[in-house]
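One chain, chain A, links the two complexes that follow: it is found with chain B in the first and with chain C in the second.
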Partner chain A sequence: MTDTTAQQPIIGSVLRASTVGFVCGTRSQDIVHPSFGAFVRTRHGQMGEIDVIGLIHAISIDDDPLVRQLVLANNMTPAAARDQRENRMVPVEISVVNIGFIQYDYIYHNLPPRPPLSLDPVQLCDDETIMAFTERLDFLRLVLNTNDVPTEELLAAALLHASNARPEAQRYAFLVHAGRRLAGLLAHDPPRLQHLLRLINPN
Partner chain B sequence: MTLEFEKVVPQVERMGRAVAAHNMTMSERLLDAWEWFAEMGDLGAIHERIQLARDRDAGFRGAAPLKEINEPVNYAYPLPAVPPRATIIAADGSQVYPDLHAAALYYLTNIGVLVYHHGTDALPEPITDPRLHYTDEFLRDEHGQMVTNTAVNARRTVTERQVLAREAWDRRDIDAPLVAISDGPLLFWVGNDVPDGRRLEQDYMGALVHMHDTHAAMQRDINQTASLAGYVDRPTSTFAVSLIHLMSLHNDDVRRAILTTNGDLEGLTDKPLMFKLLRPGERSALLVQQSPQNKNYHDKGENYEIVFFYLNVGAGQDYHLARVEIPMWVARVPAMVDNVHALVYDQCQVMWRYPYALTRADELAVIRAHERSQLGEMIEIELRRNQQAVEHSEKLDSKAVRHGRTRYGQKRHSR
Partner chain C sequence: MGARDPLYPQSDNLNDWFPQRDTSDVLTVNGLRLGVVVGGSLSKGLDVKLDRETVIEDLAVGRYVVVRGLNKRFFCMITDITLDTTNPAIRSDPPDLTDQFLREIYSGTAAFGTLHVTPMLTIDLEAGEPRPVKTIPSHFMPVEIATTDDVNDVFGREDATHFNVGAPLELEETQINLDLKRLVERSVGVFGKSGTGKSFLTRILLAGIIQNDVAVNLIFDMHNDYGWAARDERGSEAKGLKQLFSSKVAIFTLDEDATRRRNAKYDHVVTIGYDDIEPEDLAMLKTTMDLSDPMIDAAYELQKVWKRDWITHLIDASSDDLDMLKEMIAASPASVQALQRRLRRFERFDFLKPHALDDSVRKIIEFIEQRKSVVLEFGRYGNALEAYILVANYLTRRIHAMYVQAVERALGDENMEPPQLLITIEEAHKFLDPLIARQTIFGTIARELRKYNVTLLVVDQRPSGIDDEVMSQVGTRVTALLDNDRDIAAVLMGISGSAGLREVLARLDTSQQAIIMGHAVPMPVVVKTRTYDTEFYRSLGSAPAGDGGSQRSKPDRESRRIR
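== the complex of A and B ==
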């Protein structure tokens, strides 16, 4: 499970973290890979340490006085744009909500006992890891109970990522199965359920 | 003790009234100056009057029109077409001054350079050149006294020009005109408080010669040019006003006692005058500042006398003045002046009022407070690794306590 993950591109390094989530920083030209709802994992060098699994719920670019002035001047050249994006340290922050962790190659579907450490590299999960992690859908409840994130959109994006990680023949069944689990979890809130089901509707 | 604003407020009010009164006086002086300026179309008369001031050693420090080019001084010169391709190299510098209260005595200069390939999508090249100085050769003068901040500034300026010249030389094969821009005036001189002043002035001139060599090599090998420009943002100079004052005098009054000030125009700078003259994109005539320093440059070689023009770098209704200084080897060639004029203005449009490449060079050079502190910590660690005692001064430590800065886990006197 971890062999192919090691080949996945590093999308950033942990800036700050807690047991419920973390923020990783990257340079602006490196935001080609991460996308909203994608599965990521932190990488820890030592065996037995925890690799946290999470979902990207926000990607933000900080305000920058120089960029602000360039925008106001409204006379941007292609060279200046490349200079800003590729040479300058304009940090992009990727916010992640924790949904599980891996320890000794075992997957746990609950919050990690310890947060990742500053500067731990963060990678996109490979298809194999996503499939293994989403064999059980316990993380759905965790995300539904998370504050300050667009829960329905995040879950829908994550489930579509998980579906795409599977062979085409299994995708429909996976989404139907996920829909059923959501129906159980959101039985008390039909409008929210309906919205979520529309977002992941395989048809 | 914090600032007691109730004591400051009346002073701020008095200041506001004083500034308003001063500006009203300046507006009246500007009208007088403008009337004189409008009459100054006869270049022969201007040259004659300046020669008279020279003959009488009257200490005239204003501007003179450039003889070889003969541009009327009261005209505005339109924005030329920007060359389709050019290499713009901008350099700026920053420093950490020596601090007697730090754990070790040292200073650091950092030069930032941005190479901007105008007219292409090529990625600009950021370059930094940090230099740490910690030996007595750099830190002490001949009397063993620690060097002043002025000396560090002077050395940084020389390094800045040397790095600029080096980067220009390394790009002399690029088949496009090259413009090297530095922040600030091109005239450089040092006072007696700089221990190695004469050597620095020689090194500085060496950098100008290196730039000129780049130009000569580019002309010879690829038929291109290399220009040098010093960019002075928001100038407060009075060179044109001094010239107007000189022209307003009777022949008998052209003497040192009278030229010590600008007479009725005293206090007026060139800036409002140029705002009346120049629309956005336009430049003033090429002018030469009359000063012993510039004469010294001229005496070292005619190519190195410094010429300048004012440039309104604003756009639309927006006015913003800069003074652009160029050496004589650039000023003598209209195509090179046009390149500097057009490219500096174009750069200012990218960034709004200030050249983009210089903005980035400044950003690359600047040493922020946290970087300064990190450098100090690195030096402390290295000293400890070499079994050197590290002591902080009482003053520095008390400052850290007063401003709430503490060093976690670090004792004041430790080995």
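== the complex of A and C ==
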């Protein structure tokens, strides 16, 4: 969890947080990196502190009074639009569900005991971290039980991220493995299972 | 970076608790893990969830599996195989399993196979004897296909009293060794539809019994199957017992011409005198010859009048003679006439003569005393059921009577008792149907157990026709395919764990497969019967059991007079 992680781009900082998730704020031009279902982590400088791992489940751009005016004005120039995007007063919000945490370089597959602190920097996980974390698939259950997020789409996107973090040769086996776990977890709900499997089916 | 979970694994997926082999290409299941016990009961059997890798199509009812418990091995038989789904809803919208990805995910998870197995025996881990099951393994114990060692631990090895009758299903290199001593100690039944190999199986059992000297046999050979070469359906010849054990087997015949025509070496021609036949001998023929009670009563009366020659007199009697009888007996003339008509059918049977040429009963006894088995060939009379029943009853009644006397005279001194006698009859339900089983000698023999050293080997294709009480005394039942439910129920009566065996029994191969259950085996077992061929003949010649008799105490082997 060292050099390569440090090189991962910072995508924003914690705005609000709880033990089940947090919202990370960023400037609008920085949102080329994060995508729906991506694995992110907070990064706390201090040893022994908790770094939370989560999945991006929503990215939203709120309006502000200036945007409203610009939308109404019919003479908006490209320069005005770019200026608004780069210098707007309201940050883009990236919502994250917590799925685990790291403490003293150990990965834990349950909810963090404390939320991350506000303004903690947030970065995308590197492939090594994603692989290590998804060695176990306990987060599937955690996410399936989460309310207010599009669970199937989120899990499918996360699994595809996790699959792509692996060498080509391991991807198929990983998806099958994950699929079997889902089959166990969603035994009570075959339509939901079928939908999810359709989303991750590599064929 | 290490990964670890501070908590207990929070999984409801069995596969996570029980890591599986990652060899999804394994097809042979021999000696491998099949799945885990997930439920069940002692009385109803265990449910086993199959591992994903287990190929359901490779399993079959009747095979043995072993549950490896904490300190015991549980031997179970597969009695049912089911396809299960975690959710019935999946049945209404089944996933598309032509998609490889979906197939790999669904099979073994949302859709999986379950075995139903019936526990039969346990063996304690530290060198225990096989014991009846009194408990079941705990949850999630692994289930494997039984290995050769497992089977040998249960059925023992071949020796002077254990005879190889075949291999368990799918374990061709293993053998099932019957305990012959226990086999002959109580009556034996060989059942199965026509053409399933009853005669071949019976011949194999008899060969083992004769080779190892565990009993002397008297075989009522309806279709000339046992004594001399019998032709099988494909036209090749199978050796008879006389050819295999020329010094231990004698052939008696009722039809000298037929026996001679087959070039069979026979030792004696059996004739029976009308003057030796008693009304009791007719009672057995009630159903076969359609004799009414008044006719039987008439027979007793006629015997009083005409003494020993009553049958000859009756057959020859003119209507005037019958008229004269009216004064002398109470029986109605109609009954007497009807009886006369029935008994005239006896004239077709050349072995019946006014006076027997010699005493066949005594002859048979002489051979038995010398520990020689007797095969009685019926020749062309095998097709006449009344001849078969009459002769079998006639001889057996008299031989049994001598046995009873001899045993009683021995006063419990085993060395003085006559040798164990096993009497083989075919079409047994004709002798043992509930209407006559009480009165006939065969019913008596079956019921009195081994008290007088005589037991039965009954061969039958319609076991449901056999009296229940008699059936309950048939200690060892060897059953080839049966497809009639009543027959299946009849052979399973009184066998523990029989509910599951029903499925197995109805699905045996049509030939050369049988379930053996009861007294001579520690647990029911499905065998592929040994092939009766030159290799079998050879094994009889050279098997270690050939000189097994030397372990026997001396007097036991000497011939002894029964009379």
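Note that in this section the second predicted complex is superposed on the first by the 200 of 203 C-alpha atoms of A that agree within 3 Å, B and C clash if a C-alpha of one lies under 4 Å from a C-alpha of the other, contacts with A are read in each partner's own complex, and residues count from 1 in each chain.
Keep in mind that, in the parts below, a contact is a pair of C-beta atoms (placed from the backbone, for glycine too) under 8 Å apart; a residue touches a chain by one contact, two chains touch by 3 or more.
Just so you know, these numbers come straight off a predicted model, no measurement behind them.
In the model built by aligning both structures on chain A, chain B fits alongside chain C without clashing. With both complexes placed on chain A, chain A has more residues touched by C than by the other of chain B and chain C.
Legend: residue contacts after superposition of the two complexes on their common chain; A:L15 is shown touching neither chain B nor chain C.
After overlaying the two complexes on the shared chain, residue contacts for A:A79 are found with chain B alone; chain C is out of touch. After superposition on chain A, the vertex angle at the CA centre of chain A, spanning the CA centres of chain B and chain C, is 160 degrees to the nearest 10.
In the overlay built on the shared chain, the residue A:Q194 is in contact with chain C alone; chain B does not reach it.
By the document's definition of touching, neither partner reaches A:L160: not chain B, not chain C.
Using the contact criterion defined above for the overlaid structures, shared-chain residue A:Y108 touches chain C, although it does not reach chain B. When the shared chain is aligned, no partner comes close enough to touch A:I59: not chain B, not chain C.
No C-alpha atom of chain B lies closer than 39 Å to one of chain C in the superposed arrangement. By the touch rule above, chain B contacts chain A in their complex via residues 114, 116-118, 120-124, 126, 349-352, 356, 359-360, 363. Across the interface of their complex, chain A is touched by residues 1-7, 10-13, 15, 86-87, 89-90, 93, 95, 99-102, 104-106, 108-110 of chain C.
Of all residues in chain A, those touching chain B in their complex are 66, 69-70, 72-73, 75-80, 82-83, 86-88. Across the complex, chain A meets chain C through its residues 1, 105-110, 128-129, 132-133, 135-136, 138, 141, 172, 175-176, 179-185, 187-191, 193-194, 197, 201-203.
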